[in-house]
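The next part holds the structures, each set out as structure tokens.
In the two complexes that follow, subunit A is the common piece, with subunit B as its partner first and subunit C second.
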Partner chain A sequence: MDLFLNIFIGGLLIGGIYSLVSMGLSLQYGVGKVYNIAHGEFLMFGAFITYWLQSMGVNPLVAVVINAPLMFIVGFILYRTVFTGIRVRSPNPGVFESNGMLAAFGLYFIVQNIAVLIWGSTPYSYQYLNTSVALGPSDFHLNRIIAAVFAIAIGVIFYIFLASTRSGKAIRAAAQDTATAGLMGVDINFVLAMCFGFGAAMAGIAGTLISVCYPIQTTMGLGYTVIATVVITLGGLGSIPGSFIGGFIIGIITTGVAYWEPGLAVAAYYIIFIILLLVRPKGIMGR
Partner chain B sequence: MNLSNISWRKLGLNAGVPLVILIALIFVPFYGSWADYGITLFSLFLVYIILAVAWAMFTGSTGYLSLATAAFYGIGFYAAALLYPAEGALVPLFVVVLVGAAVSFVLAFIVGAITLRLKGIYFAMFTLGLVLLMYQVVNYWLISVLGIRGIVVALESNEVIYYYLVGILVVSILVAYFIKRSKWGLALRSIGDNEEAAAHTGVNVTMIKILVFAISAALMGAVGVIVATKTTYVDANTAFNPMISFSPALMAIFGGMGNLYGPAIGATIFTYIQEILQTGSLKNYYMLIFGLILIATILYLPSGMMGLIQNLWNRIKGARRRALTRG
Partner chain C sequence: MLEVKKLSAGYGNIQILWDVSLKVNEGEIVALIGGNGAGKSTLVRTITGLLPANSGTVEFLGKSIDGLEPHKIAELGISHIPEGRKIFTDMSVMENLEMGAYPKNAWKNKKNTLKKVYEMFPRLKEREKQLARTFSGGEQQMLAMGRGLMSQPKLCIIDEPSNGLAPMVVMEVFEIIQSMRKQGITILLIEQNVKQTLEISDRAYVLENGRIVMEGDCATCLASEHIKKAYLGL
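Up next is the complex of A and B:
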């Protein structure tokens, strides 16, 4: 029983970060219609910016204040320059999705190789709040608990933003039907770019939180993109609450699998993914 | 008179040009002072040309983005590792190539049956995941179960490797050509244009997608077997390298997928750039350039280099015709 409780709490802690990454991808794909394979690279860049800032004496959690707006601006500009161009040139949404994904591939190569040229491909790590705290039947690192709380807080704040502000309403409208939302007076290019920017910012924040807990590496991005893909498929494409809950579910499952056999954690996501595609491709919260 | 003239030109273009290229491929690398390097370079060209042609065979017409190239290529590697080890080959190389192709065909058939009923983007995600899954599972199996990291494959001479690759290239081009010219090709293009409409006009959409996907996978598996006998050391990192999925896709897109020559031209150009920028951190610059060109191609050259050349050619021809009619 203690073992299950341990796996459950450990899963919730890592699940918070997964939720944040996946909500970002869900915004980019669900609303912006760009399956951003470079999502994990934004996360990696966020982690390295945090590493760089903390080596100059900035508290890693304060680094979020610099990191998130920076990523938002980068994401916003990228969407306005590259993806809007592709969207305007594409004859139909299907063509935009596949061309957008290919362009995201290009982005993946560019971002990752810039990072490798700057930081090389060796792992980096630093110590931050590395003390143990009793939580349930056993001890967990304080930094992981803080990271999970932080991730959950950002998820909740973003949900309130979506539910109750005018911009949030515009994003929800664009998620339902991009073309119609545009006809109803939503500045669609601005809203889609904003979604892409928010997605990038969430990846950046998740990167900060990951760098607080684990060693970081320039090649770690793709793994998180795959996790986020499984989570948004589980949660339902474009559903923000679905991604939020899905992140915790995947977190718990992978913690459980990693407990029995760490080498097969990725295989576990993939099997979940196959079962989902076969049984319910809409996901748990999909329409 | 006029009619026979045209058909001769068509025949020349359709059969003559490929024949000349084939004869050149058979003899060119062995002459001149660069024979040793030439054959290695040309083998590399052939590997990527085959992968790009095989990739474009399925994705070019249907629009389903497959990122599973590395999975099938890796199966070829492991077919070579298990059946053609350095300690002594169990079967002749020819059989290993067929086994690699057959196993890839079967896996692609299963993957296709699971995923090709779904929307395009799921397919791309799924195939990318497949490469990472195979990497993990094979690594787990080798390290935790067998306690080894890699397997050594029997080395083949450069000439044997080269002629096997030429053979696979010929098969790929013929298969691609006949699929394109057959009823299947028409069905595939109709799927790419509008899948629902294709299904309504009586095309067995799923079956055709799965079969062509599996055929292209078999070609990739066959290439993997041959490359394994060249690199001789097989581990999960070299076999299931995601770059093998990405490179042929970019090469084919850059070359243009509307034409059989497009992927081949793209593959040749990029393999050459890759070969120049191979050492040390230059490799990262290569991938950076790779990304930039990919984005630029999608934005400004949607039909690739061949599309650009064809446009220019049509414009020149148009100008000539206008000049003639005016004169």
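Up next is the complex of A and C:
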């Protein structure tokens, strides 16, 4: 029983970060229709910016204040320049989706190369609140608990933003029917770029939280892109609550599998992913 | 109010509209009728900026709106109530109506407008918290029309509102269109339901194979042999 509780709590702690990364990809792919293979690279950059700031004495959680807006601006400009251009030139949404994915693939290599040039490929780590706290039957690192609480708080704040503000409703409308949202007076190019920016910012924040808990390295991004892909498929494409809940489910499953056989954790994502595509391609919250 | 001059448009290499011209004056209900694939929806989509024109111009209130994005056209006061309702199914009824009031000027007045729309559609008020996906086709059409009014438009372009609805509901929809006109809204009505449409409209254009083949006041159209044969089955 204690074992299950440990796996459950451990899964929830890592799940918070998965949720955040996945909500970001859900905004970019589910709303913006760009399957951003470079999503994890924003996360990696966020982690390294945090590392750099903390080495200058900035509290890593405070680094979010710089990191998140910076990632938002980069994401927004990237969408306005590259992806809006591809969207306008695509004869239909299907062509945009495939060309956008190819462009994101290119982006992945560009960002990877730049990062390796700057930071090489060795792991970096620093200590922050690395004390143990009793939670349930065993002890967990305080930094992991704080990272999970932080991630959940961001998720809840963003949900409230979507549910109750004019811009948030415009994002939800665009997620359901982009053209009709335009007819309502929503500036589609702006809102989609905003979604891409929010997605990048969430990846950046997740990068900060990961750097607080684990060693970071320049190749860390792709793994998170893969996890986020599985989570948004599970949660239902474009469903923010689905990504939020899905992150925790995947967190618990992978923690369980890793306990049993760590080498199978990555295989487990893909098995879940393929089963989902076959059994319920719309995900748990999708329609 | 709206003037379309020699408009040509299509998808990719396929041209659908050929030199279409039409005019809607303030306070009128103008009907645009034609069969499936005649190009009615293509014309509407080109007017409201969803589709680029190959040539020709569209003027609204004396100013060209060529090449403007859909949201800019919506802000000018044209409300497009699209074919197939296109309501936001995962949003509540009230949120759908709020989306209709998205342009900044309309957003400021949305409380008042909402009250008026609820007076016109009391059923929407009763079910304002419900998800729009739970609505029947007729209710969805009412919601789409209510949403279209929320922007306080000068011109409403209503694309096939009676499509797929039961005869009783169709009558209700046409009554609402007439009451919209009484509130001072100009209407361009796209329909396949030719008889009822011509009965409530002032003037009509007939679109066939992407070309306007007939225009005039509705009485003349109703009396025409071509209309009787092709559209009324007489």
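In the analysis below, the second predicted complex is superposed on the first by the 287 of 287 C-alpha atoms of A that agree within 3 Å, B and C clash if a C-alpha of one lies under 4 Å from a C-alpha of the other, contacts with A are read in each partner's own complex, and residues count from 1 in each chain.
Following the convention adopted for this analysis, a contact is a pair of C-beta atoms (placed from the backbone, for glycine too) under 8 Å apart; a residue touches a chain by one contact, two chains touch by 3 or more.
The structure presented is a predicted model; accordingly, all values stated were derived computationally and were not measured.
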item: Subunit B versus subunit C as contact partner of A:Gly57, first or second or both or neither; value: neither
item: First, second, both or neither for A:Val116, with subunit B first and subunit C second; value: first
item: Partner chain in contact with A:Ala181 - subunit B first, subunit C second, else both or neither; value: second
item: Which of subunit B and subunit C A:Pro91 touches, first, second, both or neither; value: second
item: Most subunit A residues touched (candidates subunit B, subunit C); value: B
item: Touching partner for A:Tyr270 - first (subunit B), second (subunit C), both, neither; value: first
item: Subunit A positions touched by subunit B in one structure and by subunit C in the second; value: none
item: Residue ranges of subunit C in contact with subunit A within the complex; value: 11-12, 48-50, 69-71, 74-75, 80, 82, 86, 88-91, 95, 98-100, 102-103, 106-107, 133, 147, 151
item: Complex interface listing, subunit B residues touching subunit A; value: 63, 65, 114-115, 118-122, 124-126, 128-130, 132-133, 136-137, 139-140, 143-144, 242, 246, 249-250, 253, 281, 284-285, 287-288, 290-295, 298-299, 302
item: In the complex, subunit A residues that touch subunit B; value: 29, 35, 37, 82, 85-86, 89, 94-95, 97-99, 101-103, 105-110, 112-114, 116-117, 222-223, 226, 229-230, 233, 261, 263-264, 266-267, 269-270, 273-274, 277-278, 281
item: Interfacial residue positions of subunit A with respect to subunit C in the complex; value: 91, 166, 169-170, 172-173, 176-177, 179-189, 287
